[in-house]
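Going by the order they are written in, the chains are A, B, C, D and E; count residues from 1 in each one.
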Amino acid sequence: MIGERWINLAVPLALLAVPLYALMADEPFTITLATRATILALAAVGLNIALGIGGLVSLGHAVFFGLGGYAMGILAFHAQNYSPLEIGPLTFAGTKSMPVIWLVAVIVSAMAALLIGALSLRTSGVYFIMITLAFGQMFYYFAISWSAYGGEDGLSIYVRNGFPGLNTLVPIQFFAVCFVVLCLALALNAMLRASPFGLALNAARQVPQRVETVGLNPMRLKLMAFVISGAITGLAGALFADLNRFVSPSMFSWQLSGELIILIVIGGVGRLMGPVVGACLFVALEHWLGGLTDFWHVWLGVVLLGIVLFARGGVVGLLTGKAGPHV
Amino acid sequence: MSLVLIAEQVLNGLQFGVMLFLMAAGLTLIFGVMGLINLAHGSLYMVGAFAAAAVAGATGSFLLALVAALAAAALAGAIVEMVVIRRLYAAPHLDQVLATFALILIFSEGTRWVFGSFPLYLDIPDWLSGPVTLPGGIAYPLYRLALIGVGLAVAAGLWWLTARTRLGIQIRAGENDREMVAALGVDISRLYTLVFALGAGLAGLAGALVGAIQSVQVGMGEPVLILAFVVIVIGGIGSIKGAFIGALLVGLTDTLGGIFLPELFKLFMEPGAATQTGSALASMAIYILMSLVLVWRPSGLFGARA
Amino acid sequence: EVKVGMITTLSGGGAGLGIDVRDGFMLAVKQSGRDDIDVVIEDDQQKPDIAVQLADKMIQSEKVDVLTGIIWSNLAMAVVPAAVAQGKFYLSPNAGPSALAGAGCHPNYFNVAWQNDNLHEAAGAYANTAGHKNTFILAPNYPAGQDALTGFKRFFKGDLAGEIYTQLGQTDYAAEIAQIRASGADSVFFFLPGGMGISFLKQYADSGVGLPVVGPAFSFDQGILQAVGDAALGVVNTSQWSKDIDNPTNKAFVETFQAEYGRLPSLYASQGFDTANLLISALDKAAPSDADAFRAALEAADFSSTRGAFRFGPNHHPIQTIYAREVIKEGDVFTNKIIGVALEDHADAYAAECKM
Amino acid sequence: MLEVRDLTARYGASQALFGVDLTVAEGQAVALMGRNGMGKTTTVKAICRIIPSQGTLTLEGKDLHRLPSFRVARLGVGLVPEGRRCFRDLTVRENLLATARPGDWTLQSVTALFPRLGERAGQRAASLSGGEQQMLAIGRALMTNPRLLILDEATEGLAPIIRQEIWAAIARLRQETGMAILLIDKSIRELAQVSDRAVIVERGQTVWQGAMSDLTPEITERFVGV
Amino acid sequence: MSEPILATHALCKSFGALTATDDVSIDLRAGEIHAIIGPNGAGKSTLIAQICGALAPDAGTVELLGRDVTGLSTQARAQAGLARTFQISALAMEDTVLDNALLGALGAAGNPWRLWGRVSRDAALRDRAMAALDRVGLADHAGTRTADLSHGQRRQLEVAVALTLAPRAFVMDEPMAGLGAEGSRVMTGFLDGLRQEAPILLVEHDMDAVFALADRISVLVYGQVIATGTVDEIRADPAVRAAYLGEEA
């Protein structure tokens, strides 16, 4: 059995080592894969704040992922076409600067999370899962038929957005950007769960009535968690769009929301490194199994089933020998 | 739009609702009663449709095909329950989500492995095909009327089973406290295998019945799964009555929304854009309905638990 | 030695199309007898983000010269602009979104199948010939569906009894059929690819409405037709290819395909086959590393197509004849028979917007 | 009829029972005593096969370790669990019927014993008062017509007057049906009145057992704290 | 007589046809333990739920420290100085005993919005939590997972969490439930001392404890207060004996 502390240290190092090795071995695609894993991990780290600590099983986190993606897509689209972005009487210039795009992505997804959270938190349990799914589907169908930005076809951005002082087109540099963001999010997550807020949120998941009787409002705690969670996932969406230089409604799809949950469950619910381990494993499986046979999904299914049946508390749980929180 | 057309569309909406109920019935049973989030329900639906198509192809008998669908899906369900689900009752809900997601992958690609990548042929039998004329002059497909009949029968049967039989009481008791039911002398494992098989069988039956007027293909189960979840959540989990009302509501909303929203938008937009906007909104309609219902009543229309 | 990257859909519900494109393509490669063509095939799972990453992989790691294989317009839109911007050639065996035919055209992008509107335009033209005066049209509410109705209307001269956008992935069409029945239409045009079309046709046949139906080939293609069954009999559909097009290449293709894979080839298989042959014909003249010469060789389209005469327009999209076919039953097998030409030497509507 | 020897059990990594010995003879009432957290409930759970355990565990010579939980119940062990654990979403009536087995105890006789359950027959168990739930749990166990009734804190949270009724009912049960009973309760006074024997556990081990009459105040003071 | 700390005025609550509390007016004064007893289903827990804000009364008001709190939420009442324990323990089972106590301390501090800094390193919170655990005798178990506690220990923790709030009034729903004889005795001694800090509204079926502790007793039967008085008065009341006490005492 390995202490969780070691895992928390080893996993990011391993994730860093892979692209560095690939750089030396001149396998740029491996860097792209690592970047994909990093970004998906970031999205799942966001979800894990709501899900792992707050117990909010959101099947609508693709909303924030997609909003982040479209924030990037729309801003860069207008910059690319030199056309201003008009919202009612206001006009904005598009931009190809990552920091600006990130800021917009975070703000937009946080606001959406506030709204969706405020409505959804009236419910709990499976009803919560389904109402968040409903919001996800609304955004999805809206995006599909929103022809101004490509509808179902999506939006292509020809050149990756820029980050001051870096050439983001170089795979390893873009990876570095994503990796640093992921580490910051992990640090935020670790800080949150040890903080007073984390303690209260953790209790709000398990016994909301107890939290009330000590004078705290469990709803507001959960809403706060949902907003932070949505903002991080939104940021991941912006990065994902930049990785692909493309956004489409599939970023809003319920399959994506489900995939984020699945990443977390594979890694270990409520574990700091759960989402990271889950994302790396999933991307690696997808990549390796995909080459084996046309029917590789069967084997992916078998591996996932093995994880559920034999690794209580996900892979991190298996390594540490402890089950995670009950969600 | 004539009154007869409107009446026909309302009938279509109801009929679609009953069809949704047929698809959701098995899910309500498993989900409401056993508290299990079974994402693989859509796969069992697909198994039923494929089994029916295979048997109908081989024997030419639609009734045999239905029996085969029921049996194949129930068997698949029983196996799945004994091999996988049984170990997960005590596990967190999310483990069940992951496990049943894995099952979707296995079922979908496994089916493609066995049956190939192309849709299969399954059609309405001659004795049920073609329209009949209803009072009011509506020409309505006989098969759809038959679907309504089966849906109503399933609804009544399920309600009777869970509310009126001792088996049903035991099943519901098991959802509250599995350990205690066992400690008081009920073979809960067998009971759950039975329920799961029954739920799966209903899914398979729905797959075959609905498959006859739709496309029998890999992946046909996933959209159904989402719709079925929407239905049972609107109705309130664990309530057969809720699922039934929920299904009718969703059916009506979807059908009538698809027709009237574009018309509505045509009142103040040019026709092309109105159709597009209207149908975009129509595709969101059931989700809007669901969130309104849940914001209004956080545990569905007939949900027991707060 | 050339390396070709094929990104196509090999798993999930849409796998049939990708498999046919791949099989047609590989058949042509095999028949060419060349062993210097290395085809790398990957499954995009019908997901745009996966497709983009596979393209990255093929360009960065596999260092391919030519990309091909994508089935769906939205995936093509995700992959093609970036790939051709990086100097790779892309040969489309299926998707032809209007954005890539008009202002977004590119010297390194060639479409060997059709521009998305083509078959719908032909359906409009056929409807005129067939004497339809008042047609009811429907398609799913997404870009390809919107293009389809636009394409049909571009050529159809009669009136529209109704125009509906259905939901993407919809499976029940009772409401639409009721509207058709009530609309007083004399015919129906629909574009509902994949399972949607199967569901619609079965339900339409059972409803007893019985008006003549016209549609693009997608819902009547070899792979899907068996699943539609009797409901499709007699329906007229438009296609640039059919297994009974009478030329030696096509005859040989149908025979060898059947011999190799044990099934009748589909539209998609023919497109994959033609794509490979176009590529081979260009390779005979120049290497992809010599981009200008290779491009010129592709533009010449100096290969013998299963469709007979084949040439590219100025925007690298085909100028080709589109046929009207009718669904028939040959023994136990449903298939298509050409009943006439819908549009002769047809080019797409966007060529003028293409500046290259 | 029930024989437990050297029973050990654990919750995950932590061991809770270190060797419990206990016998209940036909028609006997045995009190299981001990301080909070000493393993009384764990012993009961092991007997009912709700948690795994090791050691000797036999009922009328049958090895319970070979049987799943429901078979033990069908051999005639009726459990009133700690914390009531009524089926929340079922009505009172359904709670009673869900696991009923044929025998002398029927809906009529149970509602005669606890009239309040009759009054609340159609109400969901979750909305019952604490005491009502306790009555329901006892009634539910009786409806399985057990030969060995296990009562784990069965009078917890009941009004004195009802508690007296329940003790009276237990005494009556013993006299009229000869049912064997294993009792856990905090009220030593009442335990002493109805039980023949006492078993005291401390830190997961049996530390004393014998006839109720032999249970001196010194012993209870030492092991139970009163 | 001093101003009551906590008072209800004519509280009424019905569930359908059933009147669970019927015109209940009781009060709690500084330094006293006021016990509420009554048959099962008499409406005691329902009364507590209304006092603490978990249930809205159909009619009547609740007054805390002279202020009408009827319209306030549970958490607002807790902030105003009301601490409650549950009849069935409501604790964060996956967390440690200390975490549960810390939650109380955090509630008392009133600010859960600090997103940084380890809560366990916060000396003020920690001291407050440990002091409460110490008082109920759970200090040694601070690091134990709450799920691993025995029933009785959970009851103690339940009280400890209430203690961390340093409330102006306690409302306790059967704190002795599940405690062994010894545990009850210890708890009784403990509550006896606690009344100096804040008065206790005590619902309890353990008559030994009630008679030992209560300054006043109110008897609730079918939702109505049928008697209020000292221990001796209540013991002697024939109506109470018939409805509740039986031959006991």
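Just so it is clear, a contact is a pair of C-beta atoms (placed from the backbone, for glycine too) under 8 Å apart; a residue touches a chain by one contact, two chains touch by 3 or more.
Predicted model, so just to flag it, every value in this text is computed and none were measured.
Among the remaining chains, those touching subunit C and also subunit D are B.
The chain with its Cα centroid farthest from the Cα centroid of subunit A is D.
Taking each chain's centre as the mean of its C-alpha atoms, subunit B lies 44 Å from subunit D.
Subunit A and subunit D have CA centres that are 51 Å apart. Between subunit A and subunit B the centroid-to-centroid distance comes to 31 Å (mean Cα coordinates, whole Å).
Centre-to-centre separation of subunit B and subunit E, using mean CA positions: 48 Å. Annotation for subunit A: residues touching 2 or more other chains are 144-145, 147, 295-297, 325-326. Annotation, chain-chain contacts: A-B, A-C, A-E, B-C, B-D, D-E (touch as defined at the top). Subunit C contributes residues 11-13, 15-16, 19, 141, 146, 163-169, 171-172, 174-176, 178-179, 181-182, 194-199, 202-203, 206-208, 223-224, 226-231 to its touches with subunit B in the complex. The touching residues of subunit C, counted against subunit A in their complex, run 10-12, 15, 19, 42-43, 47-49, 52-53, 56-57, 60-62, 73-74, 77-78, 81-82, 85, 97, 99, 141-144, 146, 168.
Touching subunit D in their complex are the following residues of subunit B: 166, 169-170, 172-173, 175-177, 179-189, 238, 304-305.
By the touch rule above, subunit A contacts subunit B in their complex via residues 51, 57, 119-120, 122-127, 129-131, 133-135, 137-138, 141-142, 144-147, 254, 258, 261-262, 264-266, 269, 295-298, 300-305, 307-309, 312, 324-327. By the touch criterion stated above, subunit D contacts subunit E in their complex at residues 11, 14, 34-38, 41, 82-83, 116, 127-132, 134-135, 153, 156-165, 186-188, 224-226.
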